[in-house]
Every structure is written in C-alpha cells, then in structure tokens.
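Each chain gets a letter, A, B, C and D, in the order it is written, and its residues are counted from 1.
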C-alpha cells in the first residue's frame, strides 16, 4: 500500500501546491513507489510553434516525483527537490500530458525518481526526467 | 548589440509564452549572449514550508535561456530546449526571483546556456541551471 | 537487425577508444536501439571506501550510449556526446559493472539514450544515466 | 585556508584514486571552495576524430569536485557523488585538460559544485559540469 493515496495527494496539491492545483494537475494513480499524474491541456501551456512548452512538462514531472517520494515516506511535505534533469524528446501537440513516475532509489536522506511523459494519444514519450529529493531528518518531519 | 532587445522579448512573451507572461515574468536586460529576467513573487509559486517551488525556478530559468539564445540568433522562435538540468541550492523565501543567464557555447545546431537564480535581497544563489537549445536549420527559421 | 554488431563495436573500441579497450570494456549484446556492455572489475576502478568510483560508471555509460546510437545509424564515428547526466544510486562493490542502454529518441540531429548500471550479482541498479548524442550531417559521416 | 592542500590531495589520489593517479591527474591549486586540476594528455584519452573523449573530461571534473568539497570539509573520504551533469561545448584537441572547480553550495548533507574545463592553450571552455556530493554524518567520517 502506498503511504499517500491519489486522493490525499490531490488534497495536498489543493492546499499546498497552488501552481499545480490551479492549472488542473491531478494524480490519477499512486502505488508504492509509482505515480501517474495528468496535466489537462490549457492554452496557457503553449509555446511558439503551437506545441506545449518545456516548463509545463517540468512542473508535471516535478510534482510526479513528489508523489512518488510521498508514496514511500508518507506526507513529509518538506521533502524537496535537490536536482532535476530533463531531456525533451518530441514536441508535444496541444493535448493533456501524462506522467508516469517510479522510484529508482529510496535512501535515508535521498530519493531518486524517474519520470516518463507522454502527450495523450501518442505512443512515443515526449520527455524523460530524473530527479533527486532530499528527505528531511525525522525531527523536521512534522508537517 | 543583442539581436533581440528586452522590449522585443517581452512582446514575444506577451504574444507567444502565455505561461510566462500571465505570471508577470519579464526581461529586465538583454545583452549579446546574456539576459536578466525577473519573476515577480505571487502566492501561486509557493510550496509546503512557505518557500518558492522548484517549477517556478525552472520556468524562469528556461525563459532566460531562450532570451540568451535569441540575443545571439534573433527572433528564431522555433529554437527549443533539448535538455535542462537544475540544482537547487537554497529554498527561496517568498520574494521576486531574478535570473542571470549567459551563453556557454553557440554552435550552428546547439547552444548551451548557464543560468544563476537569486531570490531578491539574498546574496547566495538559490539555484543554478544549464540547458541546451536546438537551433533549427535556416529553412525552418521563419517565425 | 542492428547496424553495428557487438563484434564490430568491440573492434571499433580496440581501434578507436583506447580508454575503453585498455580497461577491458566489451560489448556483450547489441540490438536495434539497445546494447549491453560489461566493464570487468579491476583495482584501478576503486575509490575510498573500497567501492567502484563514479568515473568508471560514467565511462561505461558513455560507451554504452555510443553503442546504442551506432546500432541505429551504423558506424558514424563522429557522433558525439553533447550532454550527459548520471544519478548514483548505490555504491558498487568491487565487481564487474554491467550497463544496459536503450534509445529514448532518435532524431535526425540528436539521439537521446538511457542507461541503467548494475554491479554483477546485485539486484538493485547502482546508477542511472541519460545522454544526448549529436549526429553529424551526412556529408561529415565518412569515418 | 583550505582544509586540504594540493599536496595532500595529490597524496590522497596516489593512495586512494588509482584511476586518477595512474593517468597522471594532479591538483595544481586548492583554495577554500576552489580547486584547479590538470589531466596531462595521453593517447589513452582519444576518441574517433582525434579529439579527447568525454569520459576523460568526466573523470577530471569529478575529481575536481571532490577536491573542492574536501577543501571545505577536510579529508572526509566517504563524501560521494550523488548526481553529475556535464555539457560538452567544443571537442578538445589532443592536449592537457585543465579543470577549475568552485563551490556553489555547502550544506550539512549536500554540496553542489561547478567545474569548467579547458583544453590547454584554448580560450573557450570545452565542457561545463555540475555535481552534487553527499556528505556523510559525523559518525561515519573517520577515514
């Protein structure tokens, strides 16, 4: 069982991640060490050429990593990204983005997560990201 | 002389980068291979702990890289990020973010850019990013 | 069918990649868009703590990416790494390293590759890397 | 004053980093939070096209980051790289490589370091790397 459910993560976004919640981002499924998040398409996400801009993909990837980490350690809100890397593969057409994240390593102090992003309806991934999260010591974990 | 001015880049954001423009992002200075952009603080940028979220920094860094590239090649809107890496150094307090970008390499097909982000009023940088941009062949460069 | 076989890639390493060949690195399997390379353990690879050093993993990952790219475009020796990112997951014990690479995207000008590294005999991966390769225009591709 | 000198770091490489020492790598200068390392040119470093291979640059960048971290925390041998990113800018001609590293952030648990690499005799940098190091808790720091 994951230590945070999709509903709980969506509630956390509504309360604490306005940049994600206001854009309509939501968790669809969370497992133990995995998460699937969706970013519904809005015109706000566009860039020249009529494709979806990089930062929309970065934001979705980062939130997905957060969900993956919390699925393993519970609602430790102060877990924070320490590094983030993304490769853009194809320019996404104006459509919903879907992100699938999975844990690569969970340590006591660091977690490493991988995320693959798709544009809904397309087979090839549009981006691939990895990131590291710093997990605070127990004493700091009261949220 | 840069091949795009701060005013021209701000007009481009207003027209073509809604995610940047609607949040109030603006270019303050653009030189030849350099750019300074500001992201005014809004509550939308927050994350748990009351600090500014990673994606707000990523978006500002990415737009700054775009400005640096266009300062050298002109208004080639289809230049696109191919990879992006960011290290988070300090959690930014709720304040404007300032990004300083500079070119590391301009090739015929790829440009590499470095960006340092500060939280206004703080000496230490809050994040450091690098990214590569793919420059389209001449034939594709009509914007 | 891959456009370079494991034997051909090993011959290329013997001729053109002395840093890989002299350390005993070899391709075990190459498919279309995939490659498995092995770095036999030597004491030269150690770091303090008696584990295998990061650069040994980086070198194996980079050679594996090269094999993956050549499996798709043939013996285009001047394909070069343009960016490379690696996350270290577990400290590898003194044992052979095995790298599995797979293509994430093959474009006309850029290829993106993912590599997972294992320490032989251990289930968990020790590192995960991604990289981009620049593919030279046809005119430059005589090797 | 740095907490490790260039001589002390060279002795550490001779004892504990055979992959660096055997190739002739050496520290030229270490300051507080800065380090300059040199990799003398050898044919072992070549790749197709007669330029210096990526892994030679990665190894030098990684050792330089280690020197920068130890310049601030002393001879804590078990500080380890957790993530590493490098952008290749120009193909280095067959010549010595020089790396200049500087600290971006020193935290209690993580350090972030930036390294710029030059090919001796050339003005433009050949590569730019960033990396994060995990600093072990005090109890583990006996080397």
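By definition in this document, contacts are C-beta pairs under 8 Å (C-beta built on N, C-alpha and C of every residue); 3 or more make two chains touch, one makes a residue touch a chain.
In this text the structure is predicted, and so the values were computed from the model without any measurement.
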In terms of CA centroids, furthest away from chain D sits chain A
If you average the CA atoms of chain A and of chain C, how far apart do the two points sit, in angstrom? 28
Chain C to chain D, mean C-alpha position gap in Å, rounds to 21
CA centre of chain A versus CA centre of chain D: separation in Å? 32
Would you mind listing the residues of chain A that make contact with two or more other chains? 82-83, 85, 87, 132
Edges wherever two chains touch, nodes for the chains themselves; is that graph a line, a ring, a star, complete, or other here? complete
Would you mind writing out the residues of chain B in touch with chain A in their complex? 12, 16-20, 22, 43-49, 53-56, 58-59, 62-63, 77-78, 80-88, 91, 143
Quick one: in the complex, what on chain A touches chain D? 82-83, 85, 109-110, 132, 134
Partner chain C, residues of chain A touching it in the complex: 85, 87, 89-90, 104-105, 112, 114, 124-125, 128, 130, 132
